[in-house]
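Quick one: the structure is below, and I'll ask about it shortly.
Naming follows writing order (A, B, C and D), and every chain is counted from residue 1.
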Amino acid sequence: MLEELKQQVCEVNLQLVAAGLVIRTWGNASGLDRARGLVVIKPSGVPYEQMTPAQMVVVALESGKVLEGALNPSTDTPTHLVLYRAFPNIGAVIHTHSKFATMWAQAGRELPCFGTTHADLCYGPVPVTRPLTRQEIEADYEWHTGKVIVERFHLGRLDANQVPAVLLEGHAPFVWGATTAQALANAIALEVVAELALHTLALQPLAQPISQALLDKHFLRKHGTQAYYGQKT
Amino acid sequence: MLEELKQQVCEVNLQLVAAGLVIRTWGNASGLDRARGLVVIKPSGVPYEQMTPAQMVVVALESGKVLEGALNPSTDTPTHLVLYRAFPNIGAVIHTHSKFATMWAQAGRELPCFGTTHADLCYGPVPVTRPLTRQEIEADYEWHTGKVIVERFHLGRLDANQVPAVLLEGHAPFVWGATTAQALANAIALEVVAELALHTLALQPLAQPISQALLDKHFLRKHGTQAYYGQKT
Amino acid sequence: MLEELKQQVCEVNLQLVAAGLVIRTWGNASGLDRARGLVVIKPSGVPYEQMTPAQMVVVALESGKVLEGALNPSTDTPTHLVLYRAFPNIGAVIHTHSKFATMWAQAGRELPCFGTTHADLCYGPVPVTRPLTRQEIEADYEWHTGKVIVERFHLGRLDANQVPAVLLEGHAPFVWGATTAQALANAIALEVVAELALHTLALQPLAQPISQALLDKHFLRKHGTQAYYGQKT
Amino acid sequence: MLEELKQQVCEVNLQLVAAGLVIRTWGNASGLDRARGLVVIKPSGVPYEQMTPAQMVVVALESGKVLEGALNPSTDTPTHLVLYRAFPNIGAVIHTHSKFATMWAQAGRELPCFGTTHADLCYGPVPVTRPLTRQEIEADYEWHTGKVIVERFHLGRLDANQVPAVLLEGHAPFVWGATTAQALANAIALEVVAELALHTLALQPLAQPISQALLDKHFLRKHGTQAYYGQKT
């Protein structure tokens, strides 16, 4: 079942490698069929060179049960499920250890919006989570990982539709979108924005975010009902 | 009409991707037929993999009207038009978010001439614009973007023939040249020079620009009536 | 003899170049047949483009004598032998001058565990050796190189099964694993982790290592008897 | 005449591009037939894609006269000639604007020997020249460029056989070797060493050069009469 989604999920996993965002097996992508309550996700630790759509694992959104697939799903599956349950408009989740985003996560710093490249992607800074506690790490680590992301959005009154990524403190980014294609585009953009910001600070240690007016302009010309970038569809 | 220019403009857009200066759809190039008052520009938000000369849009230099083309022109078209009107010798304009030049733009720092690689490209520092005001951003943003570039050249008494690029504060570079080939060469060189300067400062935070004599020597052996670099044509 | 191991050792040497970890001839990999007490190692200074399994040199683990092969073994052979003798579970050793790991070695700094990418590879920081003395350099340099690595593990009560790499002060990394494939994977991961840590410090000069709980979680979900990452084999 | 040397010089110019050391036309390589007093050098400003051995220009070592070739020789030809006259054992000269070496040149800092990768290439730091005076720039610039290099070696009592490269202040490196192949290998190594040193300083701003004993060991195991690296020839 879900052959088309398996195809898409397999494809986006391979494109993460092609885009240089995933090295070795350090990453995973999933897609959601929300109507049916089913998630399709990459198997755990399988080499990308041999990955096929048939290897993708089908997991129930609510119960987390594996419904189809001969291989173990990604160890990070519980994190994906928490995000799908909390953010009602997202249809795909990507986790990578892409280098520049990971540096910010390791530094425990949120990624400020220093320019329009960032504003085109995300409506404000990319947030960083708090560290997990020892208790959260020791029991149900991957589920708690999802929980601290959702907590961060809740406490910061952030909208997952406008902020499509988060930095896990001491770990790496999670990124999402309405579709696997959009999540991939967001993951690529996040990595560029993280690289830009790293060296922006080298040139200007006291760099300030762009103005609210410029942030509004760029985010809203690409997103939302007033968007005028691109072609009408 | 303008089939040859469409070919050139399409080609230079593709070469920006090949040179690593444009990621996803973040960039646009245009060319001008000044005699006829017509600009050929990339359509907005179209994937580069499928771009063809026939998709290029023809816009009137003075009125900004779309004269030919089924797709919307680049959202940045008004910026291109302002530059063509203000700088009488340029025949091509390129906008990218190339990484190193964008870092300087985000830092709000002009790019000093730290070496002969820079002097071969540009007769002095690459200037940075002032930030746009809220009013300039909210109405006719892309037109005002062009206006602050022209203002910067006017106030600084800069010559667009000798300074073929500018950094838009909080945004990214615009680059130009007499032809699409020259604008492309300048965009590639700007990116290298921006990378060199970033790390020159890391090694020497108080680095000073090269001497006027060395700047004169390098710029003028490649440009102008006394040039002796390359082959006589 | 040892045709399969020669094949593997030749292959891993070539993959080091393909992965960008070895430039020119700056690196060497070896494999051990512990039951027979024989080491297979790359010849010294041979261009990678022309390397074949038949060129690999067979050396006795205990005596260091060349038993087979028309070419001189790598000049670093004595270092490999010391490591094989001291660390009873390793089956392959790799030496590179991979850029980011080498920067840390040149800086004389151990590589802290700033994130889970590192924790997946190594159970704690990657140690750095003390400098060799003049006497150690002047006589039996390559043997002493192995000795200071072993000394570092001994004094720090480090376990080579849990810490699969070391930084030679003023020089570059050595990496190992149970097999050539694992040593290669470790060498690739070390280089990524070294790059991440370099820029983590740029963003956060006072960055602290991740918590013991998170280190335990990540290292132990991939390694040891409680591992649950990947597929059961 | 000199068909083989033309072939080699053309080839090394193309390999500089393939190795990423030359962007656009920013570089040139030459080779010397010392017995005949003839230098073969790249033409000026010719695109690399179309370069052929037949385009190489033959110049007399002593007089600097063009003896063969339809195109102008590299504008930097006088610099090459000064180096060949001053350094009696070199047979090839390469000039690039390779990024990392150029950053050091722009910073006006000599490149310290922070590790064995450097020691394998160069017996001590890579020196940087003084800036040229206005007078030296305005008349016979390229000849004076050679002169300040030679002056630097003379004042520093440096041996061009042991120090195969120099950084031109505010400009970029010159590199040499006994053959075009060796000069190319040195240019590649210099660029790596410059990158390593840049980030070594980021990790350890007070980094010290390696000990004299380690420098001696590495340089002398690869160079000179006691060398034991590689294969006997």
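For this structure, a couple of remarks:
Keep this in mind: a residue touches a chain if its C-beta (ideal position, glycine included) is under 8 Å from a C-beta of that chain, and two chains touch if they have at least 3 such contacts.
Values in this document were obtained by computation on a predicted structure and should not be read as measured data.
Looking at chain A and chain B, not one chain touches each of them.
Between chain A and chain C, two chains of identical sequence, the interface residue sets overlap only in part, with shared numbers making up under half of the total. Relative to chain D, the most remote chain by averaged C-alpha coordinates is A. One inter-chain figure worth recording: chain B and chain C are separated by 47 Å, centre to centre, where each centre is the mean of the chain's CA atoms. Centre-to-centre separation between chain B and chain D, using Cα means, comes to 33 Å. Touching of two or more other chains is recorded for residues 202 of chain A. Touching pairs of chains, sorted by label, consist of A-B, A-C, B-D, C-D.
Residues of chain C touching chain D in their complex: 23-26, 43-46, 71-72, 75, 97, 99-100, 102-109, 131-132, 134, 137-138, 141, 170-172, 198, 201-202.
Across the complex, chain D is touched by residues 114-117, 120, 185, 188-189, 192, 195-197, 199-200, 202-204, 207, 210-211, 213-214, 216-217, 221, 228-232 of chain B.
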